[in-house]
Each structure stands twice: as C-alpha cells, then as structure tokens.
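Okay, so chain A shows up in both of these, paired with chain B first and chain C after.
On to the complex of A and B.
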C-alpha cells in the first residue's frame, strides 16, 4: 500500500525546484583571527569585482590599539611575555616625533615603489601633484599615520595603508615601542574602511539576513560598477603606447570617477593607472 | 632570563623540555602571579634629553673615518664614496660644522680646551698646524681622523666657538669674545691679512662679528650692527667693494647695502647674497649663470644691488651655489634660480626668475598641511633644505655621493634617511655633514 501523504507533489524537488541555491561567496582582503572590522564579501558575479578591487591598490583604514610596557612573541597582548620595560619616559610629544619619522620613511617608499623612472619630467609632474603611487608588488606602505588617543600605557593609532597584513600592523606597534626605547604590544586591530566600503555601511551579526544583504548589495551597486569599469579601462590602457591616447583615457576616467567621491583620483602611468580612494 | 623561565614553568614541574608539548588556547592570558615574576627593564630614564649626533656622507677622504681609506681589518676594502649617512663618533656635542674643498671642520660650543676638530686635506694648513712625528717644522698634508685644532686663544677656558666656515683652501672660526680666527691659504688675501709669501701661521681679526661666510677664495664677515665686510679675490666682483682687485684686509661693503641692516650673508662660489632684516635680498659678484639677471645683463656686478624678486615676499634666508641660488621666504617656501639641476624636474635647467618649489615635495600633504622649510643650504651643484619637522631634503647633482641618497642625480627634493631630527647641515663640494638630534 502506498503512503499517499509522502507522494504529494510538493515533496518532489523536480516540481518545486531546489530548496537551496548554491552561491559562490568570496572574500576580498583577508582579516586574520585576532582582528576585527570591515570584511568585503562577493556573492555570485560579484566575485569578479572582488578581484578587481584587490588589484586596484585601494587604501585601507585601521585603528590600532597599543599598550606600552611589554613585548610578546606574537606582538599581541595574549602572547607569551618576552620582556617587560618601563614606559614613564614616553610622552605624546615623543610618540608624535617617532610617528612623523615613520611616516617620512613611508612617503619615500611610496615614490620608490611607483615603478616610474624618477629621472623623467613625467615623474616630476606626478610627484608635484602627489600622484605617485606604488604599482604592482610592493611591501606594506603606510600612507597616513597618526595618534588618536594617548593615555599611557594605552594608545590608539589610525593608519591608512596599502598592501598590508594585520601581522605587519601589529609589528608596527612593536617597532613604535622600540623607537621609544620601551616595548609595546598590540591589543586590537580594527579595519574601518576597505576602499569605498566603510564601517558605517557594514552589516553586523544581527543583520545577516537575506533582506539586509540584498539592500547592501543595491547600495553598493554603483561602486561595484565603477570598479568594474575602471578595471576595463586599465586593461585597455595597458595595451596603448602613445602618450596622446593615454591622456585621453585619463580624461575619460577622470570624468567617470568624479561623480563618486571627492577623494577618488586616478592617474595613468606608462603601464596602467592606480586608483586611490 | 633562564632563571625566570624556570620559575614560570615551576607549576608544570621541572619539565623544561616538555613545555613545547603543552598546549594552551591562544586567547587565554597568563595567570597574574606568572606575569609579576618577569623583571622589568629600564632602557631610558624619565628625564633623558635628546642627544646630538653627527652623520657624514660623500667622498670618504674628508669624512674623518680612517677605516674607509685605510682599512683596519683584512676583510674591509678601501672605499671612495660613502653614499648614505654614516654616524661619526665625536667626543663632544658638535654645535657647528663646515665643509670645504676636501676638508671638514667641526666645532663644539664648550669651554673645554679642545673646541675644534678638523679632518681632510690640510696642504694649505687650512686646518691649522699639527706637528708631524718626524719633523717639528712640518705639518701633515692630510688627516684621516678628526684631530684637534689648537687656537691661540687668550682665555681658552672661557671663550666659546660660535661658528666655523670653510672655503676652497681657507677657514674662518668665529668666537664669542676673541673675534675671528682665519687659517689656510692667503694667496688672495681671503684671510684678511696682508699677503705674505709662504704663509704658515694663523691670524686674528679683532672686530666683533656675528657670522662669517667663506666663498671659494674670498670671505665675508657680518658684524652685529648689520654691516658686511669683505676681503679676498675679487676678479668677479664677489667682494662687492666696487673694484675687481684682491682685498687683503676686511673692508666694509657699500653699494645698495650702505646703511642697511643685514641679517644673513651667503656665498659659496663667486656670487654672494645678503638678506636684510626687512626681507630684501641683495646680490653681487658673478652673474654668468643668471644669478643676478633680475637687475643686470652684465656677467659681473662688483657692488651690491637690491634684487627685485617678484613673488618671493619677505626673504628670510639665502643660499648660493656656484651656478645656482636659492631664497627661503617667511612662509617657508623655497625659490630657486640660476643654472643646473634646480629641483623642478630635468626640463628646467636654467632660469633667470625665481621658481617656487611646490611644498608637496617637502612632505606637505592632507595629513600634514603645515610643513614648512626652516633653512636652506647650497653646495657646489646641489641644494639641501631642512623642514621644521627635522627632515632633510636634498636635490641636485650627486657628485661622489654627496647627496646621501645613492649614486644618481636628483631632479626634485628627496628625503635623506637619517635616524633623528636634522638641526643643521654643512655642505661641501663632494661631502656633507649633518648635525642630528636623536628622537628620544
């Protein structure tokens, strides 16, 4: 005798369709286990855009919490303590001097890794406008660094960087401590911005529902389209050789991105162009 | 440290070797009593003051590090050029430095008996007289290490050395109470005394001066009242005395400078500049490279003329090279003109009117909008600028590594990586000395 209840039409997936769709979800710039903050994900066709985002050398903003007085093996406050030092000689003035020195060295690195021949007039023109940017493979470079909060032994730094890893940022805190003749550990790394994706638009745990996700995707659809278009132009610009055509591309791209944000600038160097958000 | 780790492992027993196998979750912090066992190190006291250091780079003969020229170990090879800043160990804090053509003078502001050290060429006894071991009446031709230079001071334990300045083969030392001492070649009277054949000794100029500047073969003295005196070779009119002969005694300079209170004089080659207290710039001397083209079409001016520099504003400091000049105004902006690598890219190699260098080169950006240049110096074919944040920027022709950034020429201002705040820099033909204050 057949069980008629189990033979209802709606139990067959050929009738109703599959219950779950498989979607590919990809991750943009990684965030390790110790850190928190904005993590950009791509769903379905958005994964292609993720790749372009990674290649476009966008800057990322971080808030780093540090604590003077000890040095650990993994540069965090949870690691094994290697050494403890005094920190009563550290003042905000000395910390700012050290940060200024680090920033100076990084600004030099920005130009050095831009892969533009520095003995040409074009390099000079780009350098005047502050548009020389690292292109291709480069070590982590900080484009901005400042101290937000100082209350010894705790302090907070805000950094903008390119090509970084979170371990490098924790090591940066350790090196700031070394320059001040003390030791420092990192007690928190928080990413507040990844390219055009800011922490204000990020979805927190209670908003991980289909409705909010669809809304967020719609909110960033313009930004996604821009990233896709910029990458297309980058590929075509790489094939062009003459200066005149390259300049025309610059103008077209500049008109395109002007609508997005005041801080978005683009430049075409001999190989491609670099986008800064 | 071994004792400490033994104590901290005490709770697990005497199993030092097995500690690698004991796993702990990463997020768990260690217990309080284990943390308090670790000794606390103090590297720096609470009242530590920043220290002064000296960094040198360029042609190694004049840097004062003997192991560059004569290696002290078999592994090292003799080096001709030091392309990046190198720390020079000095016994005392150096307050003033000057580089000449192949030699360097370092002076400290102290009241000790030894106030002055010199290294490099001393064939014309531009670094004083040091008796050799073999002959009491002969001096060395060059010294590789910073050797003390003795001055015939009346009160050696009271007088302080304020400033030193070096020219091609002569040097001037300014003290606070005993006037100016000059050493070296006097073939053109640049030392300010009567020309005597086969000169060996030093000479004292007794009037009170507030600063000195040495050109190639002439000297300029600035008195505390703001008047300028000059002596030496004058074929290009660089003495500013109105004639083209040599002057062997310091003579007050007239022309447009008569009655004007001058705050700073600068000279290096055959062109001289002076900045008055109200911000006007005066120039005289060689103008073959358009240094003084704003007032004259001639190739030399023998008497100071007021330079009408458009767009510069109030001048604060001037610096002269051989073929190029630079002026720093009150807002901290740098203007360059002349001939050579001026700092605006490889295309601009000659300019008769002052060209402003954009402040983005000196570190001005969105995060640092108020960076200004605080002082500017000019060497033979290169420039050096120090910002108010203590960073040193150089540009120009890189002769034998004098820029400190490698081997290549630099067409726009580029940072020199020095561990500390640069307070002063002395520039020479092919080497530079930077006086640096440590960060902490």
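On to the complex of A and C.
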C-alpha cells in the first residue's frame, strides 16, 4: 500500500494525511428539507457548470401530492391545522377546470416575461415549439400542469416550472384548494427532473460510492458539455475554450435522491484516498 | 564525520524544547569543543603546532559564518577570550567567503540540517526523531493526531526507550495484537503518558473482577481510553450496571466485554436512556434486561433517534412491545432503512409482522438482511423494483 519508490517516512500517508481531503461539492437548484427528489451536485471544476445550469432557465418537473380537507400554517400536512373543511363536492372535472385556469394565467405571465411581441411570426413559432422562456428575473412560472391521480381526499399533480421554490409549489396546492372552495395541504413534493438530469439516472443511497459517481459523471459529460457550450455562445467571443479543454475540465454534476451532500463529501474523500493506491 | 554524527544523536536525545533555545550550530560547536579538548587527534593538518582550543578557534574562523559563532563561543567558553580576540584580528583576513580553503577544511564544513523550531505538522521531525519514526512504522496515524491540540508537541517530547517502549510492551503482554497497537495509539495517544503503575493496577482490578485475559485484551483494543480511567471509576460503573439493570455478574461482564465503551463514558446519558425505555416506551423490567443483554448499544444510543425508530415501529408498523423486545436489533438499525423497507412491503401488500398470521416477516430479517437478499427472499421482488420504489418516496 505504501509507495515503495520513496520509502522516506515523511512521505507515508500516516504522516502527510489523505491525498484528497477537501473536495468542493456544490449544489444546483436547492431542495428544502420537506421535499425529496433529484438533486444535482457538482464536484470540483463542475461547480462552474452548476452556475451555468442555474442561469440557463431549464425547467424542472415536480410531482405534488395533495390532500383535501384541511389547511395548515405552512401548507404541509405536518403543520398546525388552521381549519378543516368538507370536500365531497370536489370532482375530477372541477379540479381540471381549476388547473386549466391556473395554467392559462401562467401562460400569460410567461409571454409577458419572455418579452416577445406575440404578434410577430418568430414569436408565434417559438411559442408553438414551447421555446419561450422568461428573461432575467421572473416570479415562478408553471409551463405545464396536470392531474395524474385523483382519489379524494388525495390527489397528485405533475408540474413543470421555472424559477420556483418548493414553498411556492406547496402554496399552489393550497390555492387549488381555495379555488375549489375547500382547503388543501401538500403532503409531498418530489422533483423528478432538473433540466437534463432525470430521476431514472439518479443514484440512490446504495450507489453513493466513488465508482458509481464516476460512472454518473461520465454518463452526463455530454449534457455538461452542452450546458457549457450554450453558456459559451451566450458570452462574448473573448472566451477561447477548445473542445478538448472543455472535456478535460468536465468533472461535474450528478443526481442524488435526497439532500445528503455532507455524507457524499465524506464518501468521496475517504474512497478517493483509498483508490489512490 | 563521526563526531558530527554523534552531535546529531545528541540533538535527538534532548527534548526539542532545549534545541529550540540554542541554534543547532551552537550545539554542534559546543560538542566539538568538549570532544576536541579531550582528543589529541584532529583532522586539521595545517595547524599542528597550535593547541587544541586554538585549533578549535581556527576551525571556527575558517567556517563561513564565523561572526555568529564566535559570539556564542565567547559567552560559553571563558578561557578562550583573549586568544579569540587575538586570533580574531588575524582571522579577519581569512574570513571572506570568497577565500579559497583547503580540501580538508572544505570537507570539515558540516551544514547541519536545521530543524524548524516550530511547525504545524510533524512531517519535518519524523525522519529525525526516533519516537516518531518508530510510531509511524507501528502504524500510528500521525496526521490525525497532530490535528488535536498539543498532542503533536507531546509526542515529539517523548523518549522512545524510556516512555513509549515499556508501555507498548505492557500492552503486548496484555494480549493486544501488534497490528492493533497502531490504531490504539492513534485513538488514545495519552496511553503513552499514563504511569505504568496505574495501568497495571487497573488491569489487575479487572482481572480481580474475573474478566479473562482475552476479554481484557479485547476490551482495551475496542475502547482505547479504558486504561486511562481510575479504578474507582471503573468500579463505580460496573456496580451501576449490576445494580440498576439487575443483571447477574456474568451477564454484566458479558455486556461490558462486548461494549467496553460503557465503562468509558459518563453515566448520565445511560440513565436517561433507561428512563426513556421505561417511561416513554413502556417496556417492563425484564424486557429491558433482555434488550440490554442482546443489544447493549441501546444504552448509549442517541435518545432522539431511538425514540424516532420506536415511534415508527410501534405506531406506524403496529408492532407490539413484546415483539420489539424479542427483536431489539430493530432499535439499533438505521431509521431510513426500516422506513423504506416497510413502505416497500406495504406497497407490495406483504407487511405482515404478526407471528400468528401467514407470510410473517420477523423484524430482525427486515433489518438485518442485505438489500439483494431482502428483495429476493422477503419482498419477492427484484432489486431494480426496490430502487425504483425508493425513487418514488
């Protein structure tokens, strides 16, 4: 296990310490403690790509679980109950009407914030292909919303959105309840996609080892390069990054299912130390 | 050359603090002085006629940084004063560093390695200090130890033959394996500063309490701080376990051998855990005894985590007290594991924890089996299904 080329005692690992013990791990779009799902992390040089990801207006997919019949102070089923209501009058088509209304309002907001004049042909084509996105700062906007499962009092919504926070999504459930003249709380927020990073490729807890992480990094290297390239084209021509350099610098983001980045750092640090030999 | 090597060993045998006070060269020269005064043979061929101490002064004069050294020599060696002044005037002519010197003098010039007087790591001292190099060869992780405040300086000051070796031999006699000695010292470097009488007294106390030789060795390897505690403290704790838990002497010995950390920590958290088990969870006395003898870790587990697990197992999984007492491993497992596996079984409709019903799943199998065996035997599904289910939680 020791490097026999230089048997000097002071080069032993017991004296110098592990080779890698400060791994910079950065988090992409945040996921609060109540939510679960895909969380993109960046390691080392990949943290720069994370920034580009944040700026690039990628949409995110969420599955929201809701429950009719009560309202709480923090919009979740674990909060302090403020009121209880009946929900027998709620049917699927009423729910879908409410969802359509919300989606319409969001579409208008999207068009307004994307700062295009919808009377032009290009704007129409962009809108048809779904390529409109808000420039600069904007409030959370839902680009897609539909009901997956309806079993009163429980229901599940699938949402695609931009610039959101999980609290906004829980509030959305509350507002859906209000529109239906009842009340609703959110019993779960789960992110299924963050830009190009989907839940199928996410690593579950058993796979939080150096080998699988390196595999995941390799798997997403194409996507990373794309993100970097997009950002590069956006910037002025002063940047000279050859393809080879981008490939080298790509140590990047990967998916985890729950927010345990501290544990991940320790895993990488210790495993990285062992694999050195 | 031989002289210089002796200087180096003198350097190492003194504690480093002494070295820090004088510069290394002063020490070098002082020993030169004492040794040359007694020896008639010297390697400077040109100045045979002069007396030895003059040779010494000349030798000093010939070396490049003579100005510093002469100051120190004046302070330390009184009889040389007048001669040194006289020679000084002569030597002033010779002291230019561009002056050519003879081969013998060139060979004489020893550049001693300057050990840094202070350093934030032990790395520069490892090659020079016998204690540190032997510790590294033993497998002690010096890097971890130097992170702790003051431990690094303490280790450097230890003398191998007087302090470290007797204690390591003592541990070996006790039965601790050589490969484990490194880990032991890494966890507890203060075992090297504990007095041998105390160590022997504590070991004899444990043996008087009828712990076998192997169990004492196992306890010391598992709990490196064990022998640093006084006899009264060990006695206090052993008495507590026997009285409070109502265990027989043999059972108490058994749990202490398996988990010697019980003897090291304070008793307050253990008392709290016992209270929690009795009052919050509602276990009866004999159930608590059984739990503690099967899984002693419950005594030092985190109270909050224990409560979380028990709450989930009893209220959500609907497992009665008797079953939990029968399989106390469940209280030691990770909460996330229990939760995920239970939800998976519930999703598949196989969450049956009553022994009287068919398709009964015992709690220890729920918790103990690795993932693939759990999926194939208990849940009767594939590992991919389980992972896909995990991603929906």
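Everything that follows uses one rule, which is that the second predicted complex is superposed on the first by the 200 of 277 C-alpha atoms of A that agree within 3 Å, B and C clash if a C-alpha of one lies under 4 Å from a C-alpha of the other, contacts with A are read in each partner's own complex, and residues count from 1 in each chain.
In this section, a contact is a pair of C-beta atoms (placed from the backbone, for glycine too) under 8 Å apart; a residue touches a chain by one contact, two chains touch by 3 or more.
From a predicted model like this one, the values you see are computed outputs, not experimental measurements.
**Q** Quick check on the superposed pair: does A:36 touch chain B, chain C, both, or neither? Answer first, second, both or neither.
**A** Only chain C is touched by A:36; chain B is not.
**Q** Considering only the touch criterion stated at the top, classify A:17 as touching first (chain B), second (chain C), both, or neither.
**A** The answer is second: A:17 touches chain C but not chain B.
**Q** Between chain B (first) and chain C (second), which does A:144 come into contact with in this model arrangement: first, second, both, or neither?
**A** First partner only.
**Q** Does chain A have more residues touched by chain B or by chain C?
**A** Per-residue touch count on chain A favours B.
**Q** Of the partners chain B and chain C, which touch A:88 in the superposed model: first, second, both, neither?
**A** first
**Q** Is A:221 in contact with chain B, with chain C, with both, or with neither (first, second, both, neither)?
**A** A:221: touches no partner chain.
**Q** Counting only touches as set out at the top, which of chain B and chain C does A:209 meet: first, second, both, neither?
**A** In the superposed model, A:209 contacts neither chain B nor chain C.
**Q** Identify the partner contact of A:125: answer first if only chain B is touched, second if only chain C is, both if each is, neither if none is.
**A** In the superposition, A:125 touches chain B alone.
**Q** Let me test your reading of the model: by the given contact rule, A:190 touches which partner, first (chain B), second (chain C), both or neither?
**A** Once the two structures are laid over each other on A, A:190 reaches chain C alone.
**Q** Provide the residue numbers of chain A that touch chain C in the complex, in ascending order.
**A** Where chain A meets chain C, its residues are 8-10, 12-18, 36, 190, 199, 202, 204-206, 257.
**Q** Once bound in the complex, which stretches of chain C touch chain A?
**A** Answer in residue numbers: 121-124, 126-127, 133, 136-137, 139-144, 336, 371, 387, 390-393.
**Q** Touching residues of chain A toward chain B in the complex: what are they?
**A** Per the stated touch rule, the residues are 33, 77-78, 80-81, 83-86, 88-89, 94, 97-98, 100-101, 103-105, 107-108, 118-121, 123-125, 127-130, 144-146, 179-182.
**Q** Residues of chain B touching chain A in their complex?
**A** For this pair, the touching residues of chain B are 26-30, 35, 38-48, 344-347, 358, 360-361, 363, 365-368, 389-391, 408-409, 411-412, 414-415, 417, 419, 421, 439-440.
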